[in-house]
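Each of the two complexes below includes chain A, the first together with chain B, the second together with chain C.
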Partner chain A sequence: MNRWLDRWLTLMLLALLGWAGWSCLHWLWRGADWTVVVTNLPLYAVGSYPEAERWRPLLCIVAVVVLIVITLLGTRHGEWRRSLPLLWSAMAPLGIWLLAGGLGLSPVGTQSWGGFSLTLLLTAGSGLLALPLGIVLALGRRSDLPVLRGGSTAYIELMRAIPLIAVLFFGQLLIPLFLPPGVEINRVLRAVVAFALFAAAYIAEDVRGGLQAIPPTQREAAAVLGLSPRQSLQLVVLPQALRVALPSLTNQAVGLLQNTSLMAILGLVELLGISRSLLANPAFIGRYLEVYIWLAAVYWLACTAMALLARHLEIQLDPVRSAR
Partner chain B sequence: MTIAIRATDLVKSYSPGLNALDGVSLEVSAGEVLVVMGPSGSGKSTLIRTFNGLETLDSGSLDVLGLRLDAAHEERQVRAIRERVGMVFQQFNLFPHLSILDNISLAPIKVQKRAKAAAEHLAIELLDQMGIREQAHKYPAQLSGGQQQRVAIARALALDPEVMLFDEPTSALDPERVKEVLDAMRQLAKGGMTMVVVTHELGFAREVADRVMFMDQGQVVETSDPQTFFTNAREERSRRFLSQMM
Partner chain C sequence: MPQIFRRGRFWIQLGVVVALMAFGGLLINNITVNLIRTGLGLDFGWLWRPAGFALAETALPYAPTDSYAWALVIGWMNSLKVILVGLLLATMLGVAAGAARSSRNRLLRSLSGGYVALIRQVPLLLQLLFWYFVAFLGLPDTPVGGLIHFSNQGIRLLGLNLSVEFCSVLTGLVVFTGASIAEIVRGGINAVSLGQWEAFRSLGLLEGVGLRRIVLPQALPAILPALTSQFLNLAKNSTLAIAVGYADLYAVSDTTITQTGRAIEGFLLLLLSFLLLNLLISGGMALMNGAVLGRLQRSR
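Up next is the complex of A and B:
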């Protein structure tokens, strides 16, 4: 009796799933009108960047993609491998130079930055600022000096208690009020700084977790060898702590990428901002589903690439595995 | 004979009323091997950890290689001593993220500012001496306990210390791995190294020690040559400890 009910339920559910899947596919293939995405691909990539200079942000995106592919699938040849960290660290300054111009390129103001290139820049810029700040905060929270410890703890707790969107509004709207008239900080820069200040609090807690995982005997062993406290931190404790913290730091990085979409509310035209302005265009009225599915796919791809890179890094940093 | 370590009336307490060290005095001559024995909690580990400033003293005076290391010592003084006093721990405490070679050459390069090539050459030489040259490019997690402890000894020796401290170096090892570590220590003693060894290895103490010091409840109960200590200990407490060990 029960068995028949089970079979019937299973079949019904399978049929339901099949029907839902098929109608989704059918809509994607036949029902959806992808012109809104296809005709605006350049806009998604580079925003309203001056047409003559579009190759610059495009080159930026291509460079990142190529670097990701090389890192993940690249040959095992030592020469190439060893230059990878250098290539990666050169990526951020290169990207800023390409986007902003100067030094031989015609300058382009941040108001015309947009699309995926802006999303990349916001993520990379704020991440690179937040990581060192987070490490300093984590060390401060474990310091023996009460002022340093209290200050770091207060900062971390305060930042974690405020929603990101409030921090961003503060960065965009309130800071200019405090500045003397005439002094203006760039909007993108303000966003990056606000992001970094926020993310640093979370990164600090991840790093602190890593620091706590390193037994005090490691510090002792370093001290006994005559290493100064600073050398012990730099050469023995931090490398191990950061490796422990890497999975949670990956989490933060992925979160950071997705949270850049909040900047759309503040008027930056990154991926979500572009989508919103496209949807406001009478030519594409009502194409919500297409636009948001496309958006989800782009974010998914970017986050997956990030997760794969982090996984790759974890394996590279595992001494036993990379020695084999 | 020159004195390597001279301790007078060392007192150290972790909690009020309970002294981990309760007026310990001793002298270790250069080239001597002193084995420290005693039940757990007798203060023997605490004692040798004061010799390189891992533990601070509440009172008493301590002289290590002519440098003062008492209650009010300075950080710089401690580091000067640590470069000249090697230490081996019960749990090896190798750096898991560094290869064996890097574990050994780290301090010579960073503390003594030696050239990388020279430091690595020395590291290989020391590994050879320890009989584990072929492990140089592996990582600590890939080695057995006995091999790790021999790396730890090599790491300490790389700074060319004048005194070596051993804090129960074989207590965390599988029984069949104990011998290889003791052999390395034996070799070191033969070479004339000044050694202070906290251990429960009676055979090692009997064979290698110049003197055996027995501690209980933070005090030195007796110090004798090994022959006397193992066959004819003066104090009742030593005899009771020995009868429990054998």
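Up next is the complex of A and C:
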């Protein structure tokens, strides 16, 4: 009886898969028209960046891809291995310099940033801002000073209660209100700040989880060795806590990358925003499916690459392995 | 408790308070200057003025001549509708997909794995747009046996009219959250020792019965807390409905703010609404958690 059920289930699933596969093939063969993707590849990559300067965002993307490949496939050479963290941390400032210009490159305003390079920049920029803020908030929530603990807890809980789109929308709307008159920061920077403020609350909870996993004996051992409280935090507790929190931090990073798509609602032309404006173009009317499949593939690849990188980092940081 | 800051803790706290107060004072000063400059004060009187915009989907009678406050209530109802139905369906999908991961049928197992791997790496907003523009607006006009009627105007289910916007938001949320719940359920099931499976199999119980009666109840304590945060995520993500034009709480707030220019008041109302919603969901889940743990204890 059980076996019959199993066979019947397999047959049903096979029929379903066959039908889905056949309609996909049929659509690919007959209906799909990929001109909307193929002719606009530069737009997807760099947005409406000035034509003569397009090599800059492209170089940025290529550099990130090359760095990912080097990190993942990695040479066994110690020299290369050691310089990787340096290369990665140089990436964000380098990317901003390449996009914004200045220091020998002609300046390009943020209104012409767009496409995948903007998506990458939003992710990297807000992630880099959010991580230290999140760590501070987590330490604050674990502190035994009532003011610090209360303040951090209130911030984390409030931020986690409201939806991201509201934070982003009000970031665009309210950040100018909180600034002295005459001081203006542009839309991309406002987006990065709002993103970072939001993500910090979630990162704080992940880091707190990591901190809780470190047994008090670690701190006691550090104290016995004569380390000051600050040294014990910096050298003993925090590195271990961050390693424990790494898998959930990865999830946050992947979420951050996915959530940059929300900026399309607010009018930034990152990957999804560019697609929305392309789909409004009469030449590509009704080509939703092609564009969405293409976007899904790009996001899927980017997120998977990120998850792989984090997995790689986890293995690298594994104390058992590095002790060998 | 951490020993950091032990020395001079009073001074540190004082310093933090002073710094926070200075920062807060600076922000408040700036905002008052800006509000005076733009001629906006903090005032909720606009709530009772006629809203003047139409809403496509209303659970209670609503006309553009009604007040902003009533429009916001209608938005609330729409949000609640999609969230409650979404919670129910996402849980069902998630449990089914999570349980399928430990099925003996290899095809079912890999299908469920593929679903999770695909859905979790693609942004929800993109999925919502797909469901709206491709799936539901592209539905051919097909009556199915008089009970269900699909069309690109919406779905008619036994006299119940579901709009295209509602259907796409609901489907998007259910499919996306279902994938996360599936991972949680899988984790919970894996936490139940293998001996339990062997035990019910050796008793001759069917796979499905054993899963439902033996394994899942024991997995529940591990599943429920993580489920709560997924439910909260679903509620928060429902605000993306604005992208497909479903008149939920956030969309109505957005229109209200654009029309009245009352960003701060609107934000405060939205914040309050979401705090309330979060309290409702986590309170409900806490009750359920207590009930489940109590029942488990009694059955032991």
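Simple rule for what comes next: the second predicted complex is superposed on the first by the 300 of 324 C-alpha atoms of A that agree within 3 Å, B and C clash if a C-alpha of one lies under 4 Å from a C-alpha of the other, contacts with A are read in each partner's own complex, and residues count from 1 in each chain.
Here is the rule we go by: a contact is a pair of C-beta atoms (placed from the backbone, for glycine too) under 8 Å apart; a residue touches a chain by one contact, two chains touch by 3 or more.
Note that this is a predicted model, so its numbers are computed, not measured.
**Student:** Just from the overlay, do chain B and chain C fit on chain A, or is there a clash?
**Tutor:** Here the two partners, once superposed via chain A, fit next to each other without clashing.
**Student:** After superposition on the shared chain, which partner residues are touched by A:91: those of chain B (first), chain C (second), both, or neither?
**Tutor:** Neither partner.
**Student:** Is A:158 contacted by the first partner chain B, the second partner chain C, both or neither?
**Tutor:** A:158 contacts chain C only, not chain B.
**Student:** Just to be sure I read the superposition right, which of the two partners does A:258 touch: chain B = first, chain C = second, or both, or neither?
**Tutor:** second
**Student:** Mind telling me which of the two, chain B or chain C, contacts the most residues of chain A?
**Tutor:** Comparing chain B with chain C, the partner touching more chain A residues is C.
**Student:** Just chain B (first), just chain C (second), both, or neither: which does A:129 touch?
**Tutor:** neither
**Student:** For A:223, using the defined touch cut-off, is the partner it touches chain B, chain C, both, or neither? Pick first, second, both or neither.
**Tutor:** Both partners, chain B and chain C.
**Student:** After lining up the shared chain so the two structures overlap, which partner does A:173 touch, if you call chain B first and chain C second: first, second, both or neither?
**Tutor:** Touch status of A:173: second partner only.
**Student:** Taking the superposition as given, does A:235 touch the first partner, chain B, the second, chain C, both, or neither?
**Tutor:** first
**Student:** In whole Å, what is the nearest CA distance you get between chain B and chain C after the fit?
**Tutor:** Once the two complexes are overlaid, chain B and chain C approach no closer than 7 Å between C-alpha atoms.
**Student:** What is the shared patch of chain A, the residues that chain B and chain C both contact?
**Tutor:** Looking at chain A, the two contact sets intersect at 223.
**Student:** Any idea which chain A residues touch chain C in the complex?
**Tutor:** Its residues touching chain C are 2, 6, 9-10, 13-14, 17, 139, 142-148, 151, 158, 160-166, 169-170, 173-174, 176-181, 219, 223, 229-230, 233, 254, 258-259, 261-262, 264-265, 272, 288-289, 292, 295-296, 299-300, 303-304, 307.
**Student:** Taking the touch rule as given, give the residues of chain C at its contact with chain A in the complex, in rising order.
**Tutor:** Listed in rising order, the residues are 1-6, 9, 12-13, 16-17, 20, 27, 30-31, 33-35, 37, 104-105, 107-108, 111, 118, 121-126, 129-130, 133-134, 206-207, 232, 236-240, 242-243, 250, 254, 257, 263-264, 267, 270-271, 274-275, 278.
**Student:** For the complex, give me every residue of chain B touching chain A.
**Tutor:** So the residues of chain B in touch with chain A come to 52, 54, 79, 82-83, 86-87, 89, 91, 93-99, 106-107, 110-111, 137-139, 141-142, 155-156, 159.
**Student:** Could you pull out which chain A residues touch chain B in their complex?
**Tutor:** Contact set of chain A toward chain B: 217-218, 220-228, 231, 235-236, 239-240, 243, 319-320, 323.
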